[in-house]
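Okay, structure first, notes after.
Note that the chains are named A, B, C and D in the order they appear, and that numbering of residues resets to 1 at the start of each chain.
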Amino acid sequence: MSGQNIFDKLQNIDRRVFYWVLFITLMVPFIMPIGLPVKVVKNTRDLYEGVTGDNINPGDIAIMNFGYGVSAWSECAPGFTVCAKALLREGARIVFMGAHYDVELSYNKLRSEAAEDFATKQYGVDYVFLGYFAGGESAIAQLATDSWTVYPEDHYRTPVSEIPLMQDFHGWQDVAVVLSSDTGDVGSYFLRQWQGAHGTKLAEIGIAMNGSTDYPYYLAGNYFGLSIGSRGGAELEVLIGEPGEATTAMDSINASHILIVLAVILANVGYLVQRRQA
Amino acid sequence: MSNILKREAVFAVTGIVTVLMFVEYFFFPQDWIVASTIRNWAVIIYNISLGLGGVRLIMQHTMGTQRRRENWQFSVLFLVAFVIMLFTGLAGYLGTGVATSNGIYNWLFNNVYTPLGSTTYAITGFYIFSAAYRAFRARNVDAALMLIAGCFVILSNAPVGEVIWSGIPAIGEWFRFVGQVPGMRVFGVVGGLGTIAYGFRALLGKERGFYAGGAEE
Amino acid sequence: MAYPTATLDVIGLWTGWLLMLMIYSYPLYKENVTYRFAEHIFIGIFLAINLVVNFTNVIRICVTPLLGGDFMMIVPLVMGIMIYTMLIPEYRWISRYPIAVLVGAGFGLGMRGVIKPSILDAIVSTITAPSTGAMMDWVNFLYIAVGLISSVMYFLLTYEHTGALQAPTRIGRLFIMIGLGAYFGNTVLFRFTMLTGRAQFFLQVLKIIPM
Amino acid sequence: MTFILLILTFALMYYYMYLGKQGKTFKIRTLPAIQAIPEAVGRAAEMGQPVMWTPGIAGGLNDSTQGPQTLAAISILEYVTEECVKAGVKIAAICPLPDALPLVEETMRTAYMSQGKPEEFDVESVRFLSGQSAYMTGTLGYLQRERPASTILVGGFYYESVIIAEGGNTIGAMQIGGTNNTHQMPFLVATCDYMLLAEELYAAGAAISGNPDMLGSIKGEDIIKLLLVALTGVGFLLGAAKINFIADLLRM
């Protein structure tokens, strides 16, 4: 390939070069932070307002679904944590559930991140952790009509009949709001089997990747609010006034996003110049 | 007779279950015990079926080890990791009701499964970089539009976009919140219709994927 | 979270760190024996977790109610076991019944659930005019309507994209490409956030930054 | 309205299927991805390497949106397997979905039987990998070790799509992709040589079979699409004049 000129090379940079540069670029801002301000967009604000103030009453039951696993903590956990804190501060009762095997770890992380808010609450009365469910859309549809068959026990094997909060939760009609945070499709199951079927108030704390598919549903009113990725998490941290993990990660996000755009520009310069030469 | 049992009756079961779900949706807005029961069964069957894959995978690796196939040592590694995790997990569950109560299971869960899961999940970051590098080239109008929309969204997603040029967030947000809506909405519409049509064809026994050799062994 | 002090926890942290490097040796270098090592451990451990969790789940939602007197639970239990007949060639056909229940529930829920949010609400949202008189809102209203109409036409499958259909389907494709580009852009944020988490872990284990 | 649209869709599809049976012919527009399958198999035959098929991990069969994609992918698998048997090419089906395993295996077995070579079917050509990350790492490992000449990545994919497809690119495989999962389309478009977008995946089964019933149902679906286009067009004009008749009708 000795005949390759610089423009050929720009188009054919070994992918491993990018991978190394990317990994190093992500690390640098942790050592040398910059800290740029984060602007809050409407869909995130609507989500926050939907779980605070007049939109939620003490005693209301909220479902919070961990539709993400440990592997997506950086993306989903910050926004999920802010919403849990907000709901607990409003006096809402929360039913936690999850669609990942490692849901217990995500729940434990939430407990430790929002330790002060949980400290004043009582398990089984103010919140309950039902644990993992399998069965996809059938299970979510079933949860809407007969919740106790999907969860006869909570995660710790206490029968739901012995849990005070569960006495008030049998199906969709008992739930004021559903917040689902997903890397997969559970949010869309709630969309079809709860919001679509029964009009339940639903919001998504989604990964950025699904922002594009979630947003039209937000526009159409199916989701009352929407947080998109770690950026949405950082915005929620701004709204509750407690900077956290997502805010810290924003510097690395800045650096890596500039890097990818630079790489795309390089490839296009090479491509366009070469095409002109041809 | 055998064809009825192996094919027609199977379709009948599928059709009946599907229709029950429709009946519930359109005529029982609150709840219908029949559909609800069937759905609960489906959830249980699904849970039980997940073990099938495990059986297959164990058979695959056991055979690989027995026949000393290439890389059989890794099959042994797989089996050892599997056996340790399975038995410690079951021991934990049978002892206290929670699998993670077993120290070994809990340690492996936290220090092997969790970091490996996060690591493999994040590996996409690398591949998406090279995919963007290769795909985002202005070869024609289609690719150029994809490139422009992609780059503006990338820059507007990071707070730094605004620092580079104050117009970036506005343009990026337009792409995110308006520009992409028709493209995304159409996938909902035609994908939805496709789901209905596929279901209809399958129920009538027209889809090969579903009846998968259903007529004979 | 603070850096762990107990020996087992420290070993655990370093184990995770090393396994991460083994996996990343694939993209950063090439397929090699360390990658294969981590890969097989992961598959084995994941499968076991999978089985343990599903076993406990079946006990919880089926066996416990059955032992508690809900004898109807015998039906899904038997049907679930029927799926395993696929391992015995001559009885493989039996496994089609439980699959039929799964597929029937899937089709039923899907077909009934998809129409309102994905089709009807999408159209309603597209044809509902903006409530304000702002010029940009009306431009967007027009853009989305034209975009949706032309891109649905792109998916007309029994008509060739020629003649009168050539222009609208071509335009439809452009709208789709804009959608895919924006989607790609959003995904970059997601994937880099994940990788950021790993980069942070890499530095934390080395104590370069606090945990 | 949901009920009316569902019934109307069924009725139209049934009507056009009936017309198809009566001898009326319908044609599906050219789907380059399907036309490329023989080329992909031929490439593998020339290179003496296998073809890999995988349906993605999203499609559990009781999942309303993902399940049908898996089934559509299995329809394509049958065609690919038949082509492979004809050309004497090995095919590996990597399936991460336990509940779809019986169908995958039966489909391949049937394809071998239909080509008169049932004895050549090796059950180990169906490989199961449990769990998403394990599926992904396992498939990457397979790609590097076996170096298939072509990959058929069709079905319900999650994030593994870009990794597997980039892994395929690394070894220079010819790639045919297809999914109805919007979130994975950009990556398959970016990394595959040919692509079945959204509903094209479902229509592929009909296109392959050439069955008049199936083609009729696609025609019926197209009529519904035209109806929706008309509703959107008229609704847009009325909506612009602040007459919300159609929107109110659809909300019913």
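Basically, contacts are C-beta pairs under 8 Å (C-beta built on N, C-alpha and C of every residue); 3 or more make two chains touch, one makes a residue touch a chain.
Quick caveat, the model's predicted, so the values are computed rather than measured.
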item: Intersection of the contact lists for chain A and chain B; value: C, D
item: Pair with more cross-chain C-beta pairs in contact, given A-D and B-D; value: B-D
item: Chain ID, smallest distance between chain and overall C-alpha centroids; value: C
item: Centroid distance [mean C-alpha coordinates] between chain D and chain A, Å; value: 29
item: Chain B-chain D separation of Cα centroids, rounded to whole Å; value: 15
item: Centre distance in Å when chain B and chain C are each reduced to the mean of their C-alpha atoms; value: 5
item: Chain A-chain C separation of Cα centroids, rounded to whole Å; value: 14
item: Chain B, residues touching no fewer than two other chains; value: 22, 25-26, 39-40, 42-44, 46-47, 49-54, 57, 71, 109-110, 113-114, 116-118, 120-128, 130, 132, 134-136, 146-147, 150-151, 154, 157-158, 176, 180-181, 184-191, 193, 195-196, 199-200, 202, 210, 214
item: Chain D: positions in contact with at least two other chains; value: 2, 6, 60, 62-65, 68, 71, 99, 101-103, 106, 129-130, 133, 137, 145, 159, 182-183, 185-187, 189-190, 198-199, 203, 218, 221, 225, 228
item: Where chain A touches two or more other chains, by residue; value: 15, 19, 22-23, 71-73, 134-138, 141, 149-150, 157, 192, 197, 208-213, 216, 219, 229, 231, 253, 257, 260
item: Residue numbers on chain A that touch chain B, as the complex places them; value: 13, 15, 18-19, 22-23, 36-39, 41, 69-73, 102, 104-105, 134-136, 138-139, 141-142, 145-146, 149-150, 155-157, 171, 173, 197-198, 208, 211-213, 215-216, 219, 229, 231, 250, 253-255, 257-258, 260-261, 263-264, 267-268, 271-272
item: Chain A residues within the chain C interface of the complex; value: 15-16, 19-20, 22-23, 26-27, 30-31, 71-75, 101, 112, 132-134, 136-138, 141, 149-150, 152-153, 157, 191-193, 195-197, 207-213, 216-217, 219-222, 228-231, 249, 252-253, 256-257, 260
item: In the complex, chain D residues that touch chain A; value: 58, 60, 62-66, 133, 158-159, 170, 182-183
item: Touching residues (chain side chain C, partner chain B) in the complex; value: 8, 11-13, 15-17, 19-20, 23-24, 26-28, 36-58, 61-62, 72-73, 75-77, 79-81, 83-84, 86-87, 89-90, 92-93, 96-98, 100-105, 107-115, 117-119, 122-123, 125-126, 140, 143-144, 146-148, 150-152, 154-155, 172-189, 191-192, 194-195, 197-198, 201
item: Chain B-facing residues of chain D, complex; value: 2-3, 6, 9-10, 13, 17, 60, 62, 64-65, 68, 70-75, 77-78, 96-99, 101-103, 106-107, 109-110, 113, 124, 127-130, 133, 136-137, 145, 159, 162-163, 165-167, 169, 180, 182, 185-187, 189-191, 198-199, 201-203, 205-206, 208-209, 211, 213-214, 217-218, 220-221, 224-225, 228
